[in-house]
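Provided herewith is a single structure, encoded as structure tokens, for subsequent inquiry.
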Amino acid sequence: MSNVLEAKVAKVGTDEVTGYSSYQLGSFTFRRDEYFAHVSWPKGSHIMEVDRFLRAMVRDIGWGFFYGWIFFDDIFGTTNHYGTVDIFAGSYDRGCKEAGIDFLETFKAEAVSEAFETISRDWISEGYDPLNAPLETGTPIGPKGKERTDPLLRAFIAAERMLGLEGDTPLRSEGAGQGINRAFADLEMSEPDIECEPGFEGQLHAINLFDHIARSDVTWNPSISAVTRANICCVTSEEHMLPVIHGNDRNEWFIQLTDEIHWNIADKESGAPRGRVVMKAGDVCAMPADIRHQGFSPKRSMLMVMENGTPDLEKRYASGELKPYPVDFG
Amino acid sequence: MSNVLEAKVAKVGTDEVTGYSSYQLGSFTFRRDEYFAHVSWPKGSHIMEVDRFLRAMVRDIGWGFFYGWIFFDDIFGTTNHYGTVDIFAGSYDRGCKEAGIDFLETFKAEAVSEAFETISRDWISEGYDPLNAPLETGTPIGPKGKERTDPLLRAFIAAERMLGLEGDTPLRSEGAGQGINRAFADLEMSEPDIECEPGFEGQLHAINLFDHIARSDVTWNPSISAVTRANICCVTSEEHMLPVIHGNDRNEWFIQLTDEIHWNIADKESGAPRGRVVMKAGDVCAMPADIRHQGFSPKRSMLMVMENGTPDLEKRYASGELKPYPVDFG
Amino acid sequence: MAYQTRTGSLDAYEKGVIELDDDLRKYAFSNIFEVANASQPFERVAVVQNLEYTAEVVRSEGESGWYAAPHDEFAIVMDGEITFHFVKLEDDQVPSHEGGAVRLGAKPNGPNMGRVTARRGHQVLLPKGAAYQITSASPAVAILQTCDGPETVKRWSEICVTGKEKA
Amino acid sequence: MAYQTRTGSLDAYEKGVIELDDDLRKYAFSNIFEVANASQPFERVAVVQNLEYTAEVVRSEGESGWYAAPHDEFAIVMDGEITFHFVKLEDDQVPSHEGGAVRLGAKPNGPNMGRVTARRGHQVLLPKGAAYQITSASPAVAILQTCDGPETVKRWSEICVTGKEKA
């Protein structure tokens, strides 16, 4: 890991025509216009459609940089070192590396969080929420509008033990204004029947997990449903495309609960394609630690993601102590 | 060139939920859902955001497949052989080639035109025009809506000698309902003064070319302004991003008339990035015959494109008789 | 637009596709309904393994034995209807092996805590400190979120797409 | 939103950027205002060359000589104001060399066809069969769409970014 810069985000200026500000963090500068986000660094620069950029950025912050590599696209992204975070451009793209324009700087995680939040806050206006599916929100293109006053980032909602337990994260509900998403309106919903003997009140617990997922107004934003020791089981409601390409520093697993998601799989280091996995309801698939993956969900679907949150696990994979795939076929 | 298939487009079926039909041409199938276009072929498949796909497809037909390679994205596209057209997937992507999933079929040009028009017609609904800039049209996502009844494709408007000459292509005008684009509202416009001696009426000619360009309601859709023998001079009004990546089979030239465009340059064969060119008003740059290029115009700008339409020129470049760059520095 | 949500069941499921220029075993691609169809009632077949953590598929049909684990487990019903019966364990009855469910010799003596009946999409807590029995009148399927343990059945080569299946 | 259209001029232009892992000479990147600033009045400096076809930059300042070509040419005024004067040529006066403009020894004898005064953004036909003179009260810039000819000035190494400029 290279030097950890003590840099913090700084405003560079404000465009008079569009109203958007530009920012600097270390050697990176961030600028947007009506259509594009522009990232530049000493050896190069990169243009992304602003919708794609903002959808990636708010998730990256919301997830606390998640596990491993978060590619905003093939070129730009972050790597989580759990305390520090790399911002990179072209470092995991064969073409950029060969052209010698790749660049990487390591920052304190809080500095990157603060920078990304500052940029998102300035670049997002009322009527557009990058955590919503494209069919359910407005567009970020055009000049700066009215500032959003509601919370921009709805991070991971983390159940401690299980959703809906007393004192734990509550379930989503009609009463809280969380309606069933249009894409799940056809699902028959019922409540589990709990018959508890006197004296054991609160010790038996069951929920309608599908109902909870169906009421999520955000997409590609997993939240924890139940925890077994360091095994973190997340559920999420997926529509359109995962706005990032994820390169994990450990193995993770997907269980497709409803509908289908298409996953593009590529080599983690070079980005070279390895092919695709189409997961349909009931399918289970591991995402090995040596790939990057991006999902496409044409219809909103329900996905369960299993992550192993054991501390320092990334080091055991990086050192080769653990193989980059989960199952020994014997 | 491989065998030319005698295939024609065929409808495969219609999705009951979204209302969109799927189509087959040769070994390729084309399907769309609310968000994505899906192209599949015997060895693989590919997902593209439907807006990107349709913006590329209508231009590819409108241009008559243009010169050389039209990449819809890094993976999928067409190559013009002037009479026949290749449809390819991964054939010019290093990763796909190494993975062995690349595929190419050659069709008669009219068969590809017919297929792409049939698909576009079915997949585009009222309120969305892929020839317009994103800020000036609706979105193609969601289920099939009302069919558009106006002409879908506004091809190349080709002046024979020069725009506005009697009997040649007329200039755009307020009277014809062609207003000045919002992005050029600040430009002072005037008419050239023509003082013609008696007897020479119609022999002197001058126009406000900027006014003509400023009234274009389409973007990234060049039209011919003036012709010197086989030298085709095109003008176009550019906003957002060129919806294709162009790999030319000959040299072409850009003259930036107003504002600025960022061009990403990559190797034509492999797609490996070579860097970027930012062109500002008055800049002139050649696009050599061994690259692919994609432009980004944050503000609507005016661009002049010079193409050499000499017949069979592509063969002289392909054979190596002509160098893949235009100027001998001596 | 009237969306149609696709869920799977023992009787009707569609398996996806895995087309990769890689060793498919690294992805351990399986389908829980296919696994359940090929399982004995109450076999706990691992479909997910993350070091010591597992997700196991159970085909519930009739009455199971009694199970307990030294940690919380969770069940998600994916098809049919399952009733979970719970008996409170004394502290010294709670199994102390490393992890995963263990099958008890018989119904433990201890107070009935009650029962939970769950259907598709329901998630049920199988709390540490309780023993549970799984019952279904007709075949049903659940996913158990648990740890690798003495009851975990591994037959990866049979359940996963390895690219070596007969065409 | 009030957009601001950026045009260039002899006095104020901003040149873009070319950052490529390639021989920059293949791209022949130049700027017409920079070229015009460094040109003698009425030099026709090639900035585009597509085999026999060219675009040439002219700095118009005062009165030019008289030109004619064996094909149509076109001028686009990019800065200032330019008046083009036209004289009709007899058929046997039309130059018959391969292409591009040729400078005539003097104003040809023939009838005046008239004149065109053009400003920024205007395109003017310089028709085959006519001779033309270019005049400007103050310095102005035009791009000529024409062919490589006897008057075409080539100094690519001077006008183009080659990556070998002093820093």
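The letters A, B, C and D name the chains in turn, as written, and every chain counts its residues from 1.
Note that a residue touches a chain if its C-beta (ideal position, glycine included) is under 8 Å from a C-beta of that chain, and two chains touch if they have at least 3 such contacts.
What you see is a predicted model, and the numbers here were worked out from it, not measured in a lab.
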| item | value |
| --- | --- |
| Between chain D and chain C, distance of the C-alpha-averaged centres to the nearest whole Å | 79 |
| Between chain D and chain A, distance of the C-alpha-averaged centres to the nearest whole Å | 54 |
| Distance from chain D to chain B - Cα centre to Cα centre, in angstrom | 28 |
| Of all residues in chain A, the ones touching two or more other chains | 44, 99, 101, 142, 273-276, 299 |
| Numbers and ranges of chain D residues touching at least 2 other chains | 1-4, 19, 21 |
| Chain contact graph, described as a line, ring, star, complete graph or other shape | other |
| Pairs of chains in contact (touch as defined earlier), listed by label | A-B, A-C, A-D, B-C, B-D |
| Residues of chain A touching chain D in the complex | 17-18, 44, 99-101, 142-143 |
| Partner chain B, residues of chain A touching it in the complex | 33-36, 44-45, 47, 49, 93-96, 98-99, 101, 134-135, 139, 141-142, 239-241, 262, 264, 266-267, 270-276, 296, 298-299 |
| Interface residues, chain B side, partner chain D - complex | 161-163, 165, 182-187, 189-197, 199-200, 203-211, 225-231, 233, 251-253, 255-260, 265, 273-288, 291, 299-300, 304, 306-308, 310, 322, 324-327, 329-330 |
| Chain B-touching residues of chain D, taken from the complex the two chains share | 1-8, 13-23, 25-34, 47-51, 53, 55, 71-74, 76, 78, 86, 88, 99, 111-125, 127, 130, 143, 145-147, 156-157, 160, 162 |
| Contacting residues of chain D [partner chain A, same complex] | 1-4, 19, 21 |
